[in-house]
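So, here's a batch of structures to check.
Heads up, the next two complexes both have subunit A, just with different partners, subunit B and then subunit C.
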Partner chain A sequence: MNTAAPSLTDEHPNRARAEWMGLLARARPAELAALLEKAQGLPGYVLLRGPETGLVMLRGRAGGGGAPFNLGEMTATRASVRDAEGRIGHATVAGRDEAHALVAARLDAALQDPARHGALKATILEPLAHSEEQRRAALARRAAATRVDFFALTTQR
Partner chain B sequence: MAYVAVKGGERAIDAAHAWLAAERRGDTAVPELETAQIREQLGRAVDRVMAEGSLYDPDLAALAIKQAQGDLIEAGFLLRALRTTLPRFGVSLPIETETMRLARRISAIFKDLPGGQVLGPTYDYTHRLLDFSLAANGTQATAPEAEARDEAAPRVPDILGREGLLEADGASAAEPFDLTRAPLTFPASRDARLQGLARGDEGFLLGLGYSTQRGYGNNHPFVGELRVGEVDVEIVPPELGFSVCIGTVELTECQMVNQFAGSKTQPAQFTRGYGLAFGHAERRAMAMALVDRALRAEELGEARTAPAQDAEFVLSTCDNVEATGFVEHLKLPHYVDFQSELETIRRLRGNTGKPATSLPEAAG
Partner chain C sequence: MADHILAHPGFADPVHDAQSSFRALLQALARPGTLHAVAAPPDPPAPLSPATAAVLLTLVDSDAPVHLAGPFALLAPWVAFHTGSGEAAADGAAFVLADALPEFAALPTGSDEIPEASATVILQVPALKGGPPLILRGPGIETMQEFAPLGLPGDFVARWAANRRLYPRGIDLVLCAGDRIAGLPRSTTVTEWR
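Right after this comes the complex of A and B.
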C-alpha cells in the first residue's frame, strides 16, 4: 500500500465510493445486518478474495505532526466479490468479523449500480450515517459535561 | 555444547495444564467470566495488553486476559504470538491526532486554551477510597451530558509553535523503520525508538520516566497536552488506489513540553517529548513522552549520563515479551549447563588442596 496517496478532495471521482466504504466499515455489524434484512435483496456473487483476516500497521507521527512511525498493528478483515451483474466490490474492515467484510464488499458492488444506488443509500447508508452521527454527538455531549468552567474566587480580607 | 534431547514428563505436563485450566475456571459455583465482560469492564487492562502485545483488537485482548488469568504480560505475549500467524495487509496513513473525536483533553500549561479543559472519564481528583458499593453488583451509572460547543481544540504544540517558542514536529519522507521486520540497530532513529517505546512495558517506562524526574537525566517536563479519543484509520488498498477508512481506534496522546534548547544562532525554544498509546492509557503515554525526550539527549546536545538517555539500554530492555522470555527461561532444565559449572567449581576447589568445608577461602 502506498502511504503517499493523499486523502480525497471534494472533486475526486471516487470520493462518494470512499465515503460509503468508510461508513460500511465503521458500522456496527449487528446494525448493518439488521438494515440489510429490511433492504431489497442483494445480487448473487462469487468471492474473488477472502474473507480473510490479517494485519494493518497503524502509523502515528512523531510529535503528532512530524515524521511517521509505526505505532503497532491492528486486525482487519477483507473481502472482494464480483456480483451477478459483473460489478466488483471490495471491503476492508477493522477487526475479525468475516460476515461484516463480506456484506460490506457485496454492498460496495451493489452501490455502484445506478439502478440500486438510490434505494440502498436510503435504506442502508443514511441510517448508518445517522446512528454514527448520534454516537459521535453523544460522545461530544458527555465530554462537554466534563469541560471545566473556571471562575475566580473573590479575594476575602 | 550440544543440546541433548531427553524424553519424559509428557504425562506430568498434560496433568499440569489440565490443572491450570481448572484453576483458571476457579470455583464453578461462581459464574464464568465472559470475554465481553472483560472487554467492557476491564478496559484499562485490555488497553495495556493491546499496547504491549502491539495489536489493536479489544476482543482478542480480552480473550488473552481470560486465558492468562489476568497475567497481563502473559496476555500480551499471546497477542504477539497470534500476530505472527497473520498476513500483513498493509500500513495505515499516518493518523492525524488533530482530528481526534475527544473524550478527554487537558493541558497543564494553559488554563484557558481553545477547546477548553475537558476532563473526560478520569481517575484524577478521585479520593482513592475503595468503593464497597461496587462489591454489590447491579451498579447503574449514567454519564451526564451537556450541550456540546462547536469549538475546535487545536493541538497545544500548534498554539505555542505559532510564536516559535516550541520546536517544530520536523518531517521526514523516509519510510519509517519497522521493528517487526528488521532487528533494531544502534544508534536508533526516532521512529524506531517511538515504535519500541509504544510497545514497551508500562512499568518499565514508568520507572524510567520517573527516574528522569528524580534527577537521572532531568528535562523539566510539563504536560503540554493530553488527549484521549477516537480516530479514523485510513488505508490505501492497492486494488483501489485511493484512501478509505477501515474503522476507528481509541488512542491516548501526550505532548510533553520540556526545558529549552538554543544556541548563538538559534533562539531558545522549548523542546518536546511525545507519547502515543492504544486505548485510554495516560500513564503509558506520559511515561513514553518522558523517555522519548530523554532519548533525544544527544540530538539536543545534552550529556548522556542517565539510564533513560541510553537508547540501547532502554530499547533492548523495555520489551516485556522479550524480557519475560529470557528471565523465565531460567526455569527450564539447565541440567547439563549446571553440570559443567559443577565440574569447574570442583576442579577449582581441588586445585586449592583445602578441605571442602572452607568455602570462603576455596572461592578465592
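Right after this comes the complex of A and C.
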C-alpha cells in the first residue's frame, strides 16, 4: 500500500478543503465563535465520532538521509459530523478544546455546500486568514528584533 | 452522499455504550444460549444489525483485527473509522464477522500454551429463536439450556463437536440478531433435540 501522503498540488480537488480545514483548526476558538455569531446559522448535525481527545505522534525528518523519527506526541481533539443534508465534516484541532473541534467539523461540512460556501468564505474564512496573517507577521517582527547578524564574523576570516 | 458509509454514526455514548455492551457480552458467554440486549448504535450501516454493530464497536480495535467476510467486506471504511482496526485475513484475525458459519479450520484456534489467541466468530443470523432446537450443556449451564437460532448450517452439531474436541483450543461464537446477542463458548457441548 502506498503510505506517502497525497500531494496537494494546485490541481488537487481537495486542495481548497485542506486549506479551509487548516484555517479552521488553527483559528483562535474565541475568534471563531465570535465570527460564527455573525454568520447565518449552520445546519443541524449528527455526531459521527467524537469530539474526542487523544495523542498524535509527530514525526520529523533529520540528517542527510532525511530518515523519519518520532519527535514527540501532542494532544489533539477530533470530531466528525454529518449535517442535515448528509455532508460529512471532519476536524482535528490541537489541544483539548472539544467545542472548537465540533464547530470546525460543522463548518467543514457546511463549506462543502456550494449554496453556503460563498457566504461562509466571506464571513468566516477571510477574517480568519487575515488574523492568522497578522499573527504571523507579529511573530516575525518579534523574531526579527532578536536576530543576530553573523555578517561581521564571516568577513573577518 | 447521504448513503455514504461513513455517514452512519457509532455509539451515541461511546464509553458507556461500549461498557454496557461488553457487560452483556460477558454475561452472554458466561450463560451460553441465553439472550441479552446490547446498547446498539442508532443507525448502523447495512447489512449490519444493531446488535452486530454494537458487538463490533465494543470488541474490535487496533490490537484486535477483524476479518469481514462475505457481504460485510464493504464495511471496512466504517470499521476503520470507528475502531481504528485494519482488516485482517481470516487466518490472522482476532474476530471474524460473517453471516454464514465459516470453516473453523481456516481460522486461528490458538495453541495449548496460548489458547486465547484464537478467533471469535461474530455471526449475524436472522433470529435467535424459532430455529431447529439445540440442547446446550457445559460450564455456565446448571442442567441444560435450549437454544434455537435460525441461520446455522445443517451440520452445525458435527462441526461444533469437532471444535469442542480441540479444547482448550477452539473457536468461540457470538450470535447476533436484531438488538440481541447470544454466546456459544468453546466449552459448551451442543446436541440436537430429540
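The criterion applied here is as follows: the second predicted complex is superposed on the first by the 140 of 157 C-alpha atoms of A that agree within 3 Å, B and C clash if a C-alpha of one lies under 4 Å from a C-alpha of the other, contacts with A are read in each partner's own complex, and residues count from 1 in each chain.
As a convention for this text, contacts are C-beta pairs under 8 Å (C-beta built on N, C-alpha and C of every residue); 3 or more make two chains touch, one makes a residue touch a chain.
The shown structure was predicted, so the numbers you read here are calculated from the model rather than taken from an experiment.
> Scan A:H117 for contacts with subunit B and subunit C and give back first, second, both or neither.
Once the two structures are laid over each other on A, A:H117 reaches no partner at all.
> Looking at subunit A, which partner touches more of its residues: subunit C or subunit B?
Of subunit B and subunit C, the partner in contact with more residues of subunit A is B.
> Is A:R87 in contact with subunit B, with subunit C, with both, or with neither (first, second, both, neither)?
Only subunit C; A:R87 stays clear of subunit B.
> Just subunit B (first), just subunit C (second), both, or neither: which does A:A143 touch?
In the superposition, A:A143 touches subunit B alone.
> In the overlay, answer first, second, both or neither for which of subunit B and subunit C A:R59 touches.
After superposition on chain A, A:R59 lies in contact with subunit B alone.
> Mind working out whether A:E73 is in touch with subunit B, subunit C, both or neither, as first, second, both or neither?
The first partner, subunit B, only.
> Same subunit A residues contacting subunit B and subunit C, which ones?
52, 80
> Any idea which subunit A residues touch subunit B in the complex?
1-3, 5-8, 12, 14, 18, 21-22, 25-26, 52-76, 78, 80, 90, 92-96, 136-148, 150
> Which residues of subunit B touch subunit A in the complex?
Touching subunit A from subunit B are residues 50-51, 54-57, 59-60, 83, 86-98, 101-105, 111-112, 116-122, 143-149, 155, 157-158, 168-172, 174, 176-180, 190-192, 194-195, 198-199, 229-230, 232-249, 253, 255, 272, 274, 276, 278.
> Flag every residue of subunit C that touches subunit A in the complex, lowest number first.
Listed in rising order, the residues are 1-4, 6-10, 14, 81-82.
> So in the complex, which bits of subunit A are touching subunit C?
Contacts found on subunit A: 46-49, 52, 80, 82, 85-88.
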